[in-house]
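We call the chains A, B, C and D, going by the order they appear; numbering starts again at 1 in every chain.
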Amino acid sequence: PAPQVQDAPAAAAAAADLGTATRADFPILHQSVNERPLMYLDNAATSQKPRQVLQTMDEYYGEGGYNSNVHRGVHALSARATAAYEAAREKIAGFINASSPQEIVYTRNATEAINLVANTWGAAQLREGDEVVLSVAEHHSNIVPWQLLAQRRGLVLKFAELTGSEEVDLEKLAALITPRTRLVSLVHVSNMLGCVLPTQRVAEMAHGVGAKLLLDCCQSVPNMPVDVQTLGADWIVASSHKMCGPTGIGFLWARYSLLEQMPPWMGGGEMIQEVRLEGSTYAEPPSRFEAGTPAIAEAIGLGAACDYLSGLGMERVAAHERELGAHLYWQLRSIDRVRIYGPSPEARLGRAALATFNVEGIHPTDISTILDSTGVAVRSGHLCTQPVHRHLGISSSVRASPYIYNTKAEVDAFVDALKDAIQFFT
Amino acid sequence: MKTLVQAFQAVPDPMARYKQLLFFATKLQPFPVEEHTEENKVKGCVSQVWVIAELRDDKIYWKADSDSQLTKGLAALLVQGLSGCTPQEIVRMPPDFIAQLGLQQSLTPSRNNGFLNMFKLMQKKALDMYMQQQAGSDSEGMAASASSGGDGAAGAGTAEQQQGSSNGNGNGNNSEASATPVADSIQRKLREELQPLRLEVVDNSHQHAGHGGYRGSATYSGETHFNVEVVSARFEGLTSIKRHRLVYQILDDELRSPVHALSLITKTPAEAGMA
Amino acid sequence: PAPQVQDAPAAAAAAADLGTATRADFPILHQSVNERPLMYLDNAATSQKPRQVLQTMDEYYGEGGYNSNVHRGVHALSARATAAYEAAREKIAGFINASSPQEIVYTRNATEAINLVANTWGAAQLREGDEVVLSVAEHHSNIVPWQLLAQRRGLVLKFAELTGSEEVDLEKLAALITPRTRLVSLVHVSNMLGCVLPTQRVAEMAHGVGAKLLLDCCQSVPNMPVDVQTLGADWIVASSHKMCGPTGIGFLWARYSLLEQMPPWMGGGEMIQEVRLEGSTYAEPPSRFEAGTPAIAEAIGLGAACDYLSGLGMERVAAHERELGAHLYWQLRSIDRVRIYGPSPEARLGRAALATFNVEGIHPTDISTILDSTGVAVRSGHLCTQPVHRHLGISSSVRASPYIYNTKAEVDAFVDALKDAIQFFT
Amino acid sequence: MKTLVQAFQAVPDPMARYKQLLFFATKLQPFPVEEHTEENKVKGCVSQVWVIAELRDDKIYWKADSDSQLTKGLAALLVQGLSGCTPQEIVRMPPDFIAQLGLQQSLTPSRNNGFLNMFKLMQKKALDMYMQQQAGSDSEGMAASASSGGDGAAGAGTAEQQQGSSNGNGNGNNSEASATPVADSIQRKLREELQPLRLEVVDNSHQHAGHGGYRGSATYSGETHFNVEVVSARFEGLTSIKRHRLVYQILDDELRSPVHALSLITKTPAEAGMA
């Protein structure tokens, strides 16, 4: 059954209801793991997919479907596939309030989107001695592409550190930004600390010296309203699989005028205007960046995921997560020997609905292994953020991250399971 | 145009429609080979299409050609429908009639897009002619305005905005002729839908380098970038995103094609200190 | 119902049966287009997907499923996802007889795989004046990446032309290969001409001067047995969507020792060993080339597609296509004013089951449009091979390409429909 | 080892098995902190694990440590099971017992892999010790063989192949001790399965630069590249691909881990002129 579409409901009521309301849409959640009901709390790594998204992809491939290569096709299936593929672009554009669908470039995932910026704008614009400012809290995908480019181009990478409350330190950030800074690239919502970046303020800092701002929105686009008209970023990137969409697709957004300045990266079909043996001319964005047969079913699936989330209402999703996240945080805080990383939910911009923590004296993977044997799926390890782990003096951690289909009751059950696990090792 | 649309709609079977197109194609006047130029070529078609315009008595008469018979038939449809119109009429014509032709069911998007692109090239050519008319009739000398692209473009937006309504041609439409059809349309629609206390539409397309010059160049795109400020009671109780969505919804047509960027400021009268 | 697995059946019998036998596995084929039964002959662009592949992906995402991020996960779903993702790699390796699953690198499509080689091995190894030998028959995806690299590195690109029978001219190719040649990159089976490359002979030429050989196997891997142990290539690339698998995935194969010599390309999660602010170390292949959350469901789906094709038997598939392709060729040849490009089926290595052609005096898109109105899906346009079109003095063409589920009766019906279309314009 | 496996298998409930692991962990001997080195560290584990070996009376005694209690328990299992074995026994031990432990159901692949990696590091250390034994007992002086990597590696494969069976230790296994366990195993299996008329297995691992030296270096990988030529009647009527598949199937275990590349020539007796 399709979820009820409500308009800006009272935050508390929405939060109480959303988990229960959406649960029926996610067939995968209704199973047992190790003879206990699955409790999926690894959503910051990947989300589950609602029936509606799976149906949309089945309708593409299956009975009465229209699987076919897109663009240039002159037959009916190709026409339908092209229309659906481009309609999905429009849905994504609408979801983040882009000015035009042509500002959405499909990529495999957010990682590829960052690499795309590094290898097009970055490779074309950045020169020896130019500075790129990041933070120690970045995901590896927002560090390694710049390290690779820095090696090629002789760039200087600078890393903003954390405040005492374990958010990105804006004062330190401001001090790192100089007239040589060409790019500031930061995580909007940290997948490890849960801290939220005041994007407009950072945009002012970056733009003040003529630098551009890229935001890694992997943990914000799925969880809160993100409006690129007010965000302040020049580029944002996000991944489908974390926002109810299929694997194998993600996107880059930039203002069209900026996309136009970016040279091509990968060569092949779709991205060309004319190919001659002596040289080729390239298509306008976004095609310029989409070489080869694209991830068609996946793009269409991501469009359906945007529809699904819009149907719920992103304000409602955010309210639900705010409530669930705060509950998770305070419950964990009440356990002896548990240390949660990142700011409290009372921080000015709040924190994401995820809690990364350690239990004194117990290895994170031991915790997650025991939790798994009771049906609870959480992540443990370095969470693809080794630098911030090192910065905090740890090598790994445990992370629980609820999403739209999780309930307060599940958070309580998780906390109980964690207490049992701690007991197990004591 | 309307009668043409109706005639075409009357044909029920797609195969019969294709036959009709082949028939239209045969009725096209011969196209001069030397006009098979890049400038006259429609972009983004699956086949090659060329269009040229001729002005007689302030009215445009079209010729078209294609290496595809079906495309030639589509071009013939436009040639027949749009010959004898004034440049203003063509510039102001909404592309709705394309949908009414019922070609979408039988034409694939690539061909359908091609059709739209033909119409757009014709509108562009009509606009160029209108500009030349304007320049001719304007004593303050925009005579050099046939120059192709480059520096002359900056500031053109505002200059033409000012002279916009100086020369109505009594062309039967209820809106007056204008050199800034997109800006006008944005103004009109927002005024109708939002009853704004304040409305400011600024065309800053000229700030956007790399988009080609204002006239004549191949990458011509005209009015593409706007700053809009609206104060309206309709915004009360709406979040910023919802206000923006509302505006985008109203301007759906304008944003679909020519406008690249719309920078919005949306306030309630209270927020603007006007309540 | 699963197809019967037969071991090396008589070629003719197999060809007669395969189309009918497999048809039931492809739900999408059983539909009407423009009130006529769909006749899908655009398989060189993309193939349809059997029930078995769709089910495999449903089992991943849906009820009782195991959608989860791969590697490093310590919970049950992640364990299942990782096992299936790596098992799929093993299936692909088996399908082309690679020495180890670790020789398979997942990419979005074949285009990305070629760009990967250009941006890793190419960028690291090729120097100003080095020569790359291609042919005029290459797909854009095997031209543009080398043009882009040539611009960056000052390489010399050379293009082998065609013989009178419109195959890649091996003598001209041999003449182009010099001691300065570092790479020969060619299409194994042309998507436009249908000609088949004698790969071992070309490998000898390339290796004789110390050059490497990359083969674009997009049109061979789905259609015939391809054994990398005997093929002679140093790299091959292929796309899932043309071989019964989902969109959004493809692969690169190379001997492990060669993969080990290739530096990383995209940076991010999965591809690292250790990330420090000062610099990072990278994982071994294939992980080194798989940055970010991969196309998990798609990889698993491609594995299922390999199972499906192996179940049919690639010898049987090839025999079916040989028969269907020859029938298509000779039927078309019998029509007045039709000109087919590429060699005849009697060429030494035969030709692929596809026919690219033009009808004198009628534009290709006019043909395909009229065919479409009778339910026949064929491609028209430049087929992403503008150079060979220009070489042949044309700007576009029509292509019909049958696959495992097409029958001889369909080919006959297609030829009749084509005759009607020609009639229509005459 | 077998009794340990059986004891572990007897525990039915995964939670109880985890308890068992914690218990094993407590029984480990203290691990010297200074041995927390890169060389002793197991790669690819979700947690940190270290292993060291000590040779007493030609038998190896192990110590292990981990920052994860469960991993430490797994390490303890190996330490207990493999202490007191000769280096040869450990090198030749197939990793099947890991599957028999029944951990797969309760351990995720990452942990399971870690377990396998622990065992592999222990095999590597055992091999190193065996090499040192060989060098010591060998009068022709391979004494310098403790050198780490580099040029000395080339040709080592053949050298050791020749001296392979010179020093059997009566270790109870039915095959003789060897410095080239992989090549031997390939030989044995192909001989058993294919009854070849000709069989040639050449280790050319040393040709592959970039794989590190033969001993002691961190990227040690030992026998990794082979050329195999087989003439067998079993190939009759099989295509080349099928012959290769057959060989790959027979050598499944060898190809799964240490062997990077296997270059195959497969002929029937007729094709080899031997029929």
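Everything that follows uses one rule, which is that contacts are C-beta pairs under 8 Å (C-beta built on N, C-alpha and C of every residue); 3 or more make two chains touch, one makes a residue touch a chain.
These are the chains along with the protein names UniProt gives them: B, D = Fe-S metabolism associated domain-containing protein.
Worth saying up front: this structure is predicted, and the values here are computed from it rather than measured.
Q: Which chain pair shares more contacting C-beta pairs: A-D, or C-D?
A: The greater number of contacts lies at C-D.
Q: On a C-alpha centroid basis, what's the spacing between subunit A and subunit C, in Å?
A: Centre-to-centre distance between subunit A and subunit C: 32 Å.
Q: Can you check how far apart subunit C and subunit D are, centre to centre, with Cα atoms defining each centre and the answer in Å?
A: Taking the mean C-alpha position of each chain, the two centres sit 38 Å apart.
Q: Centre to centre, by mean C-alpha position, how many angstrom separate subunit B and subunit D?
A: 73
Q: Please set out, as single numbers or ranges, the residues of subunit D touching at least two other chains.
A: Answer for subunit D, listing residues that touch two or more other chains: 46, 108, 111.
Q: Hunt down the residues of subunit A that sit against at least two other chains at once, touch-wise.
A: Subunit A, residues with two or more chain partners: 34, 72-76, 78, 365, 369, 372, 380-381.
Q: What topology does the chain contact graph adopt: line, ring, star, complete, or other?
A: Drawn as a graph, the chains match no named shape, so other.
Q: Hey, which chains are touching each other here?
A: Between chains, contact exists in these pairs: A-B, A-C, A-D, B-C, C-D.
Q: Taking the touch rule as given, give the residues of subunit B at its contact with subunit C in the complex, in rising order.
A: Result: residues 14-15, 18-19, 22, 46-48, 67-71, 106-108, 111 of subunit B touch subunit C.
Q: Considering only the defined contacts, which subunit D positions touch subunit C in the complex?
A: It comes out as residues 46, 108-111, 208, 210, 225, 239-241, 244-245, 248, 255, 259-262, 264.
Q: List the residues on subunit C that touch subunit A in their complex, please.
A: My answer: residues 27-28, 30-31, 33-34, 38, 40, 42, 45-46, 48-49, 54, 57-58, 61-69, 72-78, 108-112, 114-115, 118, 136, 139-141, 143-148, 157, 159, 239, 241, 246-249, 264-269, 271-272, 274-277, 279-280, 291-298, 365, 368-369, 371-372, 376-381, 384, 386-387, 390.
Q: Would you pull the subunit C residues touching subunit B in the complex into a rising list?
A: Residues in contact with subunit B: 34, 362-363, 365-366, 369-370, 372-373, 380-381, 395-396, 424-425.
Q: Can you tell me which positions in subunit C touch subunit D when the two form their complex?
A: 71-76, 78-79, 82-83, 94, 97, 99-100, 225, 227, 229-230, 255-257, 260-261, 315
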